[in-house]
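Here's a structure for you.
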């Protein structure tokens, strides 16, 4: 990166360290912080959407919709995360490619499933085999967002369902007694009061989500934990910058990073909670 | 006439799995000197050089991707990349799921590494090995207690911090680590020969790619390029054809 | 009584007519009319054919022991509960039902909402919306349901809070208020709808004796203003003071009714006698 770093093996002390910490490989780790933060921000809207959809489905008066809601939350919550993360993205990836194969390569006669192999035509690949590596990573990132959204959406649905039930019935009955429609009752009274019951659970889920981001690696997206592990491991002379096992330093930095992230989150949640619980006696 | 042939060849290719343009090579990137991520953040090592040479000779346009070892076969099978080139030994078990090219490293021994000066019975102690490797299989059947790790690096670390008595891995991988350990680590038992040589893993449906790569590998064996490459990366202990 | 008095005097018939009107009820449409109301929960029948008529300006107290069905009857009036049988007529307009069977329900959601805005309810547990300030509680339904202008609703709301004596609490949250203050805020909220009748469901039962007096004072003032009210209560003193008609419910039927004097002083049924002696 710098002039002085041209001959790493001749460097010592702080110069060596500053060159070492600015290698492109380290830059990849710093970049992966953005990947993690980007994932956290990208998954929130779909998680809340699925959470509300699931919670409202479970409250539906229409039985099949209710079953769908209960089925979604129970199945996803019942399956261990790691199994879900291993299985679902591959299934989704294959489903997308299978559909594209059927549309774009209708003339191909060979079956898609050949023994163990899943083979679609080149035009059906997602992304195309010739696409830049960036698109492969973007696709992996998208799969990750969808998978995280489905998993955490189910937990969120459960939290919101519980919170909606926790609002005292008298509050809703009063709204109806004053002539509010079901819709007005929901938006004017039920929703605003629900948050205070939902927020502790949602803040827990957010913390779990932060800690679950290393699962990204299972989806082929290199996150900060992957890089810390990779960079921290012992490096023999085959590497330009050889060093012994430094994982403890890298994991220490990770610890600080995640603690900082959770600390900021906690402060943010405290503020939101204070606002949502204005006037509610549960706050005290 | 030429054009017609070309068109026929293209359509044949299009229906097969291998597209002449791009072949995605999947590796682990954590097994020096076979394959690793260098300080520039690129895939490097013996297999990088080998893979690039094979692609050049077979006129394939190749790109490199890394994937963790544990799911390296499932991701090949579901076509996330087209070949595994990750120090993978040929075994009958793997051969049932995927196909292998001709070997590019002859069967070479595995070694036990423990703390220098310690006395460990490798048939009874706690032995570290990477998950889903031939070495892990060997330890499991040897009567010793197997502890598995996701990455090669962790297996060595386990020995250093006392979690395991010894690690069993490819000797080529362990040799530089022992040499640079400053006397802390040593080979502590006789080498063992497990499994076949090392080859590229391909999907079973990918016969065309297999043929092209075999041609390239055979040519490299014949003209000595492969031996030169092995010596460059594995030094004195380099296995030869 | 008045009738007898004035009949004997044969004075100005216009005055006589007016006074007669006040006691025997005018020819105008009743605000609330219940005919033969039945309500059961499963096999348990809690109301067994009750008739009730409230004209404009009537204050009707519903008394009776717990489980006599008086609160349920009140909730049937604004359709929070569905009476399985009988007619409910609000200002001359009968509730339209989906079908005339035991599991009937109101057919017209718009009608239900219209009736409810016209019959404001005051609950035992106040039920102020906890996420809204006192003033917001008062303006919420006028603005969102009746579509009133917010500024007008706030001005009116502040005037109502002034009227019930808690103008200084307008911007506080319900949880910061005492029970009596909360119930007065709830009464202001009900008044803000400018209803044709108010339904009180045990408005003083959750209050301690000191704050209870504040609320009774407010209710007494409302009665004096000539507001139409149905008042379910345990408080016999309040019932006697504010009501012009008292209904004693026992096991889902009207055991005895009449003016406060008739009910409390010239008690006929032994059950009412027992009930009254038990509440003293």
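The letters A, B and C name the chains in turn, as written, and every chain counts its residues from 1.
Here is the rule we use: contacts are C-beta pairs under 8 Å (C-beta built on N, C-alpha and C of every residue); 3 or more make two chains touch, one makes a residue touch a chain.
Everything numeric in this text was worked out from a predicted model, so none of it was measured.
Here the chain-to-chain distance from subunit B to subunit C, counted in touching steps, is 2. When every chain is represented by the mean of its C-alpha atoms, the one lying closest to the mean of all protein C-alpha atoms is A.
Compared with subunit B, the chain whose C-alpha mean position is the greatest distance off is C. Of the two chain pairs considered here, A-C and A-B, the higher C-beta contact count falls to A-B. Here the spacing of subunit B and subunit C, counted between their Cα centres, is 85 Å.
Separating the CA-averaged centres of subunit A and subunit C is a span of 54 Å.
Subunit B has its Cα centroid 32 Å from the Cα centroid of subunit A. Contact residues on subunit B toward subunit A in their complex (touch as defined above): 14-15, 17, 19, 21-22, 24, 29-30, 32-33, 36-41, 45, 63, 65-68, 71, 74-75, 77-80, 82, 97-98, 151, 153-154, 156-157, 160, 176-177, 180, 203-206. The part of subunit A that touches subunit B in the complex is made up of residues 8, 20, 23-25, 27-28, 86, 90, 93-94, 97, 108-110, 114-122, 125, 129-130, 133, 136, 217-218, 220, 222, 229-230, 233-234, 236-242, 245, 247.
Across the complex, subunit A meets subunit C through its residues 170-171, 173-181, 184, 188-189, 192-193, 196, 278-281, 284.
Within the complex, the subunit C residues that touch subunit A are 78, 80, 109, 113-114, 116-117, 120-121, 123, 125, 127, 129-133, 140-141, 144-146, 173-176, 189, 193.
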